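We just call them A, B, C, D and E in the order they show up, numbering each chain from 1.
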């Protein structure tokens, strides 16, 4: 049979479905958090491929002996932005954040558990703001929750992926986090079967790249 | 704002899973409730605690534990697979997750009901010659019908709403393991998915309201029959 | 030996130490409130496991603490009519009545539903829920339910307390028929009502504070002046056996007993039948001379056997009438005026209407 | 006018259409099982809202369907002793007894806990849980609980049915004292036992199938031969009022009534007090001549007023004794032999011990 | 495998939050149970359905709904803030989430218990002069103590285990809103975090077992008192 089953990070949902539809690929997706997906694969999930938001879990899968390094390929890239309620003027630089926050909170993914949180922390450390802001963080279980907190006015600022920020009309991007201030936001994919390998290859076609781009994703550096 | 195919599919699966989970749980929950309410035995405290456990643990943990025990690579899971029962990444696993998560709710309701039955009526049945099973079936059971109903509607509602353990144990495969809660969560994972999620939330509410209303109607009928003497 | 009970039991401050043997027929357990009657009957039914002792029904051991025998209630086949009716609230009256039917062995004998319903007046209630029944109606359904389980023995805990006199008059002969009919159903009967007990019981067990004060054949226990305080002064009296001789046109029946003839109204038994009569002490007058022109039809020559003067104004006089004894309760003043003393011949005057149907048994 | 009841109500097949008025004292509601007694008493208590009608206590309207008045039970201050005891299972006997105390107004009068406990024999039970009580003990606690709530009126639904004779003898005078003492506590009393009713009641309401058959002052209703079938043949009798004249050393009391003197044992009332006597028809003998040498101390000259011949062997003879009437139940054979007919002077013979304490009221 | 500071902190917070949530929910749940069991009014079906809703909805959705209703920019949230009650990113918000998620469980248990009380006993109390409140307090309440206990232990257990609604509504701030389930979840998201998670799971189990055992002990005592008459 030609159906391919892909376990993928939840933030890729819209884009992967669009690529599958356009490419007339018979693919089913099971979306979830990266840690969950990795464990499911290790428990024998009927997946042909996994695409995670987090390289740590790919390494874990390798350690488990479920995949080898050659099965892994980067699929797409994302970037980090600072968001605020729609209509907020852009920041002049990152250093103003503590003052603007005052006693309010900066929403972001959990620093250890959520990849976006890990990148945000790296950025804040690069900026020298981490120590200052640790008391003012609202860490969430995923980027979408952080986005919701800002959209609902619960927190004045949040650090999320550019792709999420673009699609939410209630928030504006007020600062683009420099790519160099943190590890690259890479979504690594791993094929578990031949069908999975084919699917991952498809994601590298120009057509797929275009769709990724329209959703705000960046191309993987060659 | 019409529900799309995914939503209908998720609803269908959720109903299917919930009905199975509830139906399977009822006899088991009844038995455990009866044990807890009427018998004393070694390990009773442990059983009681075990029943409550899914309530206390974050659902994700329950899901992981299920994965560890019933996963395809785990011995139990492999054994069941040999018997033809695949749980992990299958709707049957969703049934198991929903059953386990709803179990404490069902047991509590049924146990309370059993404890409220006047043992004097059971004694009277015994003097009329009824063996223990008949006493249970003809006296205790009808008298605890309101409790069974209450437990069933709670178990069903919980099964309909179960998310964390389910998505962890059986993943989120549309048409196979994507229940309504999983679908709602998935919809919320991409920006702009709120309206799609809202439609499914409304669906869930309608089912819940229906189940609750149905159970109330049945409960009234049962109560009218059991009007105290 | 229909029933052997020999048990000791403690509950809180109360301690039971009871031992009695009952032959066929009806055994009455009589005692004040709190004497332990319900406790004993529960032990017989198997709803309570006594601390120690032995209980046997028809020679079959139901409980024996020494040999660790305890037959569960469901296996004892004893129909229990509870002091509180304990109807099943979720079942209709009909369903309550039929509850026990399926558990009796196929060859078990017992009354059928129709006759029970007719006798107990349950037919119009069959489709009702127990919650809508009156106190007396509940009790009747409970009695019917126990009967229809075809028990080997009936245990009745004050089953008639909430019934009116007329209804009792209907049910008592029925219980007698159960006892005397082909079923020969033995009954253990708890009651406060001496008249019921006197009418029904073959064996009387007087219970006081958990202990058997007196037990034995009814007539022996009832005629014992020592039992008077337990039975109540108003209820003391003798029980005699008489044979039906003839029914007269005016509704009076002539009966013969060892002390002479008696003319009584309302006797249903056939000529030749033996019946039991309860003659209350307070219904017996004593006369030195044979009275004339008196409405009382029964005037018997008797001899004073004994005079028990109490500390109050009343005295109990035991009168020998043939081989039977009658008890008369009169005032000490009358004892003096009539100069009654043992050996004195005199006449006992008994009103025909005093010995009412309820006191005429088998 | 202590209590006015005029209600109609339907429940299933049963329909109630009851109207009666009760003056001070004790009103007895008498009727067969299922006649509607509990239904009426529930309506008075406010536990049941009748379909239509009016209920007033001490002139205060409790229920009036026309004016949409319905006073909730808690505001009626009627102490209700239920047919089933309804003790609070989670409270000790003491707590049950004290339950209602705090709700009665500060100036409400009523018996104190000690006297109630002593009388009802509750003192040893105070720390017990209701579940451990015997049937009769529960009923006594329920009575005590109602009394201690200091009600304006007491509603009692067969409160003594599960009590033994001796206990009843203790409680009945107490109820009389409540009625006659400074509290003048009115009581609505449901009973099957005619002797209780005859002793206690001032007003008697005979209920049959939801309808009042007869209602009025006790003596009127009891003396009416038409009431005999409702009351039961054995229980028919006259109720007369007498004055205590003297207490003799041998325990007999001389009482005077319009028909002459009576000598009775066990009268507790003081000299000069008026008491009520119930003389059962079956305890009255009729003699043409004054009998001599008879143990019966009370021989009264009377005139035959009327002779009611039934279809059975018994006849009711109404005897005029002064201004009072006595009822005698004798056989039709005796009526013929003695040639009794209206206007015939004769003698009524009443055994001193027949008029037992239970029938001596206020 | 000793619990680290984070674990202890999370445990402390979870206990604190759960105790508060349970304590606050008891009177409210009692009131709602009583309404549902004993009164009839318009909107009863709606109230009943509303109570069940948190059971049916995925917890994340409940969290979102909480944000919408109690968020800082929402009227209710703003009003509460004026009153000095900050829910956002505060342990108080975690209490609210836990309360709402445990509420249906508590109401069901209490309602069943209320329905099992013989109204004849309440009538008896009324004839003794007790006004409605006293009847409830002195008769109904003690008689339903087993149900209250059962509801309380369920509510507490659920509060200890609540994760989705809490993390969505008040995030996951160590020492302030990071409850035991949040901490366990966090640990599980890090490869190799299992052992740390296991320690906390054991902690949660111990608390749950303790609560269940305590409630059983109390229940036995209560039951002994209420032994049927």
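Keep this in mind: contacts are C-beta pairs under 8 Å (C-beta built on N, C-alpha and C of every residue); 3 or more make two chains touch, one makes a residue touch a chain.
Here the structure is a predicted model, which is why all the values come from computation and not from measurement.
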Partner chains shared by chain B and chain C (touch criterion as defined above): none
Partner chains shared by chain B and chain D (touch criterion as defined above): C, E
Separation of mean Cα positions, chain D and chain A [Å, integer]: 90
Chain D and chain E: spacing of chain centres that average the CA atoms, whole Å: 57
Distance between chain centroids, defined by C-alpha means - chain C, chain D (Å): 26
For chain A paired with chain E, centre-to-centre distance based on mean C-alpha positions, whole Å: 35
Chain C: positions in contact with at least two other chains: 84
Sites on chain B at which at least two other chains make contact: 60, 64, 120, 185, 188, 228
For chain A, residues that touch 2 or more chains besides their own: none
Pairwise chain contacts under the document criterion: A-B, A-E, B-C, B-E, C-D, D-E
Chain E-facing residues of chain A, complex: 33-35, 38, 56-57, 59-60, 105, 107, 110, 112-114, 137-141, 145, 148-149, 152-155
Contacting residues of chain B [partner chain C, same complex]: 120-121, 123-132, 134-135, 138-139, 142-143, 225-229
Footprint of chain B on chain A - complex, ascending: 5, 7, 10-11, 13-14, 28-32, 36, 39-40, 42-46, 142, 144, 147, 163-168
Residue numbers on chain B that touch chain E, as the complex places them: 45, 48-49, 52-61, 64, 104-105, 108-109, 111-113, 115-116, 118-120, 146-147, 150, 153-154, 157-158, 160-161, 163-164, 181-182, 184-185, 188, 197, 201, 204-205, 207-209, 212-213, 216, 223, 228
Partner chain B, residues of chain C touching it in the complex: 45-47, 72-74, 76-80, 82, 84-91, 99-100, 103-104, 129-131, 133, 138, 145-146, 149
